[in-house]
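You will see two complexes here that share chain A, one where it goes with chain B and one where it goes with chain C.
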Partner chain A sequence: MAHKFPKYKFKADEPISCEEINYNLRQVKDEVSGRLNEHNIKENAFTDRSDAEYDFTLHVNNEVVSFDPALAGEYASGSLSSAAIGSYPEEYLIAPDPYTDDRVTLSNNSEWQTIIQYEKYTGNSLLWVLASFQQQLYEAGVGDSAAGQYAIRIDGVIVDETVTGGLDRANDPYGESTRCQAYPYVLDLILPVTPGYHLIELVGRVPMEGDYVQPPGDTYINIFNRELIILTLDPESEAVDGDTNNFAPLVEGDAITGAIMRAPFDSIKDDMNSLDYPAIQPESLTAVHVPTTVVNSGYLAMGQSVTSTYTNFYYRYDDDTINAVTGWQYIGDGTTTLFLDTITPIDLSSVTIAGILVGVDIHVTHIDSDPGANFFESYAIIGVQFRDEVGAWHTLGKTERYVNSEGEFAVVSYPVRKNIGLRTFITIDDIIPYSEVTGLAVVVAVINRDALFTHPVTVTLQQGSLWFAAVQAGS
Partner chain B sequence: MADITFATNPTDGALVDPAQLNDNTYKPATPTASFAELNGLVSKANMDTLAWKLRSGLIRNRSCGGGKMVGSTMNLDYLSVLNPDDGDTEGAYIPVPGCSLNFYLPRDPTVCWLTWQLTSAVDMGDLVNEPVTKFRLYVDGARVSEHSRQQPPAVYASGRHVFTDRIWSGSHMYPASAPMTQGWHNATIMYWAGSYEIRNAAEVAAGNTDEDFGGMCRFRVKNMKMFWLR
Partner chain C sequence: MSNGQLVTDILPLRVETDGFLAPAKFAARIENMVATSDGTLLSVIGPSRYDPHYDEAAWGELHGIYHCLLMGGTRDVLLIQDGGYIRVHKGWSQSWAALVGPEGSGAHIESTIHDHAGIQFPLQCESTPTGVVIVPQGGRAFFYDGEVILPLGYDRVPGAPLSLGPESSGPSSTQANDVGYALNRTDSAGYQIYQHFGYGRVGTGFYTTMADGTGGIDSAGGVNHGRYQYAYQWVDYFGNVSPTSPRSATVDISTQFGAGDKPEKFLKQLVVQNLEDGPVGTIGKDISRTKDLINSGTADLFSIPTNVGGAVLSTYATVPDNVSRRYPDNVPDAWLTRKPLMPRAVPQFKLCRFAYGRLWIGNTTSDPGILIPSQQGRYGTFLAEDEMFPDAQGAELTGIWLTQQGMLAMTETSTYLISMDETGQRFRSGTLDPGKGAAAPSSFANMPDGSCIWMGRDGFYQYQNGKIEYISEDIRDDFLTVNTARMKQATACYDPTYREYRCWVPINGERKNSLCFVYNGTGWTRRTDISANQVCVTKDHRKYCLAVGTAVNSSSVAKKGVWLLDHENQNFTPQDRTATIETGWLEPFRSDEKKSPVEMNLWLRESHNSIATVTTYRDWRKTNPVVTDTSRATMVLQADIPPLYNTTLYGQAGLPNQFVKRRAFWKKVPIDIPGAEVYKIKITTTARLEFIGVRFRERVHPGTGRQE
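Our next item is the complex of A and B:
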């Protein structure tokens, strides 16, 4: 409420009216009984996040599916033995349903189907929805057959502005899908929502071909690693009960002792010295009063004008090895490496830190193979590593994303010029048995899956960036 | 501020001093000794923080964060011949509608993200002159050089190749160490397309690389978003 000034001022040698005292005090009492707001509360009144519930500003929810696509020809973990697929890694990657695993294979009937979803209860909230996933397309012949098209769907309605490719089929028959074989898509959306449950989905489909015919049955699109992240700003719009503390006024005609005179003053003073949350008017505190929900953040960028090349072979999924021949290499341009090792430790075992939102964008300009290789089978893979509390680095399998080279078979490989995008939310579940993240880095490797570890592959990278933000949030 | 402690109090057996009552009710010179603390000086010290914590219902919506999104779903076609031949020419890059955003930050945010999505296709270019189309992020009129991407050439021996369409879902972040500031800002993806002739591999082999004919650049669904946290 507005500032308060006493209506009555008492003077010496004049009678003091109990009602006038009561009036002055009631103004104050009324204020501390649920009407305190931004006019009453001091700037930076709360500077410590420990003064706040975990979710006072933000909820973060993420749904993630991660597993080994056997890029390196063997399955690093899980139910499939390397012997089972060792001879046919190519078939494993592209086949629609040869094994029981967690892939989503899009059907060819051009209907939208759910890839990953989450149902979220919100208040009058603002959603930031991020979807990050790995597509692998297989088709028998290179032609105009369709590829994947993706979108974010909220409560059953496609948000058109998030659709990949085009919506104007009449004037652009090949434009609905973005023709990339192996490609890590990122979609995101910012949308205000009303209170209630909301179904948030990443959906995909295989559009009709340019001539309105269904793609051939041997056109498959598999979705491997995938993550749906939902940031809910202002997660709840709860009603706050008013303070019901009673005020005992002075009564005219009563004998007034010093103690009786002090009582209403002390009562209100005690209220003001120990305010409970109902004293504050709902939705009255603003950013000037409360702490930030961001625990830590950082940003690195590289390669504005120079390129860098890598020839190190990808060893296997979720492997930690850094090696110039077989293993990962850190990405850099000679001046800046996407390698943050000076992060103030982020203790993800703390209930106050929900996790770390991470974004990576890498420009892959070329993937070159030797003349005898199948260009289509040359891949560049990136991933994110974190450093634990004792200084060891670990790859997060769920962050592995890759692109392949495309061209005319055995004739020429085309410039790739694809963006590898990744968004992920790292939680304690991702780093157990460790508890702290003390560094983050982006790593890269290459492989030609037609002849593992024999055909050399060179990937050329240019621009790239890595950012992170650790947040206090509920879920 | 601190807990309120009255300087004096009425005592039994003594006359009530009006000045005492006045001071305890309102004395801005010493607000911690009166209810004047109510006028904008209430702080954590006044709270029973052992019993409760700040909660979502007390925070005004969109005061500790916010966001905005724009997008466009219509195809936009541009003739590259209308662009300057040299991508470094001043003003060569022009904004992509639907991938450009004006926004207002009501305070200095702790972190602020920009994200965008742009699907593009061309029908021009060759392996000699690639890349033919370039994209850049500009924020408040200044190029953010790490966010530049290029479209591969699309015309080869077999004709225009559909595998050369591209989607760029990019992101940029202003962290706490280099934050964005309060006020109006704009972010836009700009593009430039070189006026290279549509030619096939045989023409390239014959040395025909004249820059005398333009191709077309098409943008499909695109968007630009901003999200900030206090």
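Our next item is the complex of A and C:
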């Protein structure tokens, strides 16, 4: 490890001893056999990611369920007409599955239940777990107080720090859960783990209501779009057989010729010129040596003091349309738009690029409704669009997240003050038949589900950001 | 003896003695020779620059060097103290990063480090399972885990917090707890807790009966008169805890009750604020509170738990940040179960050692004789109650060392064994030897036989199996040359390659450690290849002996730097250095009969095509050599000259053109010392010499001794 020095300097009038030559050469040979470390490798020695195994430092896995909540009145199966939905929207948004679908409805028995899970084999690694999901609450009775509580569970153990709400209801009878009707949660966790298989789960439960009463049976907490992203830092290394260039020591009696001398030197030269994985001491290189695994990244933020309003109606799930009346609009504050169209193309068909980690956070200040509408049915929806290699923009349905006004009937302008958070990992599976991502943008739309396109809704946004990081990683 | 001739045994001459009448197998001087694995003595080679690309002129005074492996052995850390800087080697950029440096230096930690060449201990460092403790002399100690460096623990006390609670506007029961920070559910004056947020929890509630005013009895609940105090501590990145702040002023809750009420209606929520931000490295504030001082029966402080669930990742501090300065407290007494640690401010100290899972620090500025253990796993947290003075008179500690039998703590004149008591939690000090101590804390080294060696005021000592033995009788006279004023700067290591204990000391009034005494387990030699301010042996597979100090180059210029001993290469050519093997005065007990040594058989291994100088002396005088021969002691056998560098050509016929192993040979060297009482031989060379042994042939002259 570290710097190693030949011991003997060859000086005039000293015998040409094969033992000392061998000793000197062996110092180098020994070191290259697996003890090279941070001190032997020059700063920024590996500037090209292709110099290293693409999965040497990071694995990314994601489990995702994309679900159409029929916000605009169409059901994912397409079996119902929009007119019927307009009359009884909550049946499709809220009620348990009359049709086969992928929603998760939490049982009301206060037990933790799995929403989405992934099992990952790791080494002595650091897990970064991100969970991003859409909650929708429905309760039939007036005055009920049911709400959801969520957490990340690792190998069957809830990590307390990830639990939403409080752990102590004695100080706040409603404190265990955060009561929101429509709310997109983001949880994340960084945790060191030991080698082996690890079950990573996003879990949820419905705590008792404030009066210690189990929520009524017609209270449903549904989870629609949901994604569990697992980044494994310093993953388990695969066994690699290194090339062995046998070192042939000089022996007494060998002729002092160039050919004889070259043999041991060549074995070292060959090692040095083709350093392989086993030559480096595990975990000894640092960020000063290796290239970043972030292939491409970007960040945009809207200002704190400027608000912007949007009235464009949400058209349907996973729709691409940009339209000021019915369709999406890009989000901006007049100065900055959360719209990145100058990204160096990211080829997700490459085996070395695992995908693009994307984060969006938007603050919703108000949702204003038409006086004639049911205000709590007013929704603001955001989503992420990507631009393909030919320049067309596409919405990723799995990224759609929304909040509702939860307003009272007589209040037209309701201060929502909610954040819409989103984390997603875009892979080649998300963009097929395309292969490249050349742009990313955040879009917004509104809808009043009570009467769909007839009741105008205005959402006011303030502050927001979009960031992405395309990563070279294994899985 | 035959025909008037005597041939001595072969004298191996592997160690030296300054004894006047020593056996012939002991040399009088072996200098700049090391024992090889083949059993020979070989000239010292090197040193080499460890960092040949670094500008030598950039070094300040190099006070210390230390090597360790951190982060599970994956982080290879080489530290030096360069003037007022602590630097770490960055091989990847062939440079040294400043971990600690003076203000404006841009170092990770900007802090003044004592930098002078006066008499002081060298830099003290010690590895722990999670990092290395760095103790510059005369400055603050630091802790470095391979990525982050911080001052070791906290050297100051947080300021007292300010606690707020209810106050009473008047003496009547209706005026109780009605002003100030009065937060409860009484539906009267003060702040009200929203109904959905439950009740206050602080206070000693009661439930009783009372007359209802109409002749009946009604139930009544309330809160007793109670008092509370707060304090807090900082928690740093490495888990160290600061001293506890002074307690806050007392918060008083007055007695308050109401007919028909539940007690919890009157319980309060309090608040503590003015929680000062901690210094760099602080990542949390652990707040503690008393239970009800009037009703609980204890005045102790208890840590306020992070949350009800006791989340495992957040148990290190009540407030897991260094930003929050105010904390609303609604924690009942019943949740207060964990007492906070009560550390002292980390003192400025000179010595440290890791033992029994703790860091032991000693010789503080205020108490030179004190020894203080840290908490296990928190190597910068020292409880106020944990301390001992191994020496009853509080004499200055001059060495702390861990042995197989326990930890030794030493003054200059005495040695104590620190061992664990039966509980495994406390330690006791027992006098091991009241007459032997340590002169230099960096002179300790463990030997492969389980013993340890160090330098005392009058020589070197070895501790093994409960006994301390004096081991430097053979160099007792030479040891008198050591500069006693600067003994404390001596530095030593055990070199596992040569299996030698090496200790560099200043001699003859010098300020630098210019002479190295070498002990191989049986005897002593010496070397002068480097002037070492401090040495260390790398803890990795290389087992390199490294030093900071000066070496003299071939132009006779002393060069500062980080040196690798016993290695030589093109980056540094040292000044010619004389290797010496000098016999003692031979045959002193036959000095009553004269003898005439005529021949020396010198056993060597071929090493250099040159000639060693052989000087002969006689009759106890070294004033005038009998002979100084520079023509006979060839260091290769002239009848079988091996292929040599710069004369042998690749594959050229007619020359020795095969690789060889260096052969052994003997060489007759005529020496003519007629009629000597005693004689001695000195072999010197600046070229490479590999020595096997020597034998003499002498003519004896019975009855020719002096008659006087």
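We take it that the second predicted complex is superposed on the first by the 425 of 475 C-alpha atoms of A that agree within 3 Å, B and C clash if a C-alpha of one lies under 4 Å from a C-alpha of the other, contacts with A are read in each partner's own complex, and residues count from 1 in each chain.
Assume a contact is a pair of C-beta atoms (placed from the backbone, for glycine too) under 8 Å apart; a residue touches a chain by one contact, two chains touch by 3 or more.
Predicted model only: the values in this text are computed from it and were never measured.
Once chain A from each complex is brought into register, does chain C clash with chain B or fit beside it?
In the superposition, chain B runs into chain C.
Answer with first, second, both or neither: which of chain B and chain C does A:287 touch in the superposed model?
First partner only, chain B.
I'd like to know which partner A:194 touches here: chain B for first, chain C for second, both or neither.
In the superposition, A:194 touches no partner, neither chain B nor chain C.
Looking at the overlay, does A:46 come into contact with chain B only (first), chain C only (second), both, or neither?
first
Just to be sure I read the superposition right, which of the two partners does A:167 touch: chain B = first, chain C = second, or both, or neither?
So A:167 meets both chain B and chain C here.
In the superposed arrangement, which partner chain does A:309 touch: chain B (first), chain C (second), both, or neither?
After superposing on A, A:309 lies clear of both chain B and chain C.
By residue count, which of the two partners contacts chain A more extensively, chain B or chain C?
If we count touched residues of chain A for both partners, the winner is B.
One more residue to check, A:257. First (chain B), second (chain C), both or neither?
both
Quick check for you: in the superposed arrangement, does A:36 touch first (chain B), second (chain C), both or neither?
Touch partner of A:36: chain B, not chain C.
Counting only touches as set out at the top, which of chain B and chain C does A:14 meet: first, second, both, neither?
both
First (chain B), second (chain C), both or neither: which does A:114 touch?
neither
Do chain B and chain C touch any of the same residues on chain A, and if so, which?
Shared contact residues on chain A (touching chain B in one complex, chain C in the other): 3-6, 9-12, 14, 16, 21, 38-42, 45, 160-161, 163, 166-168, 171-172, 174-175, 256-258, 261, 282-284, 288.
Sort out for me which residues of chain A touch chain C in the complex.
Residues in contact with chain C: 1-19, 21, 35, 37-43, 45, 159-161, 163, 166-168, 170-175, 210, 250-258, 260-261, 281-284, 288-289.
Which positions of chain C touch chain A when the two form their complex?
45, 48, 50, 71-72, 74-76, 78, 89-93, 196-198, 201, 307-314, 330, 538, 540-542, 544, 564, 566-570, 606-610, 636, 642-648, 650-651, 657-662, 687-688
Spell out the residues on chain B that touch chain A in their complex, using ranges where they run on.
Against chain A, chain B makes touches at 1, 3-4, 6, 9-14, 16-19, 21-22, 24-26, 35, 37-44, 46-49, 51-75, 106-107, 110-111, 113, 115, 117, 119, 121, 127, 130-131, 145-153, 156-158, 161-178, 218, 220-221, 223, 225-227, 229-230.
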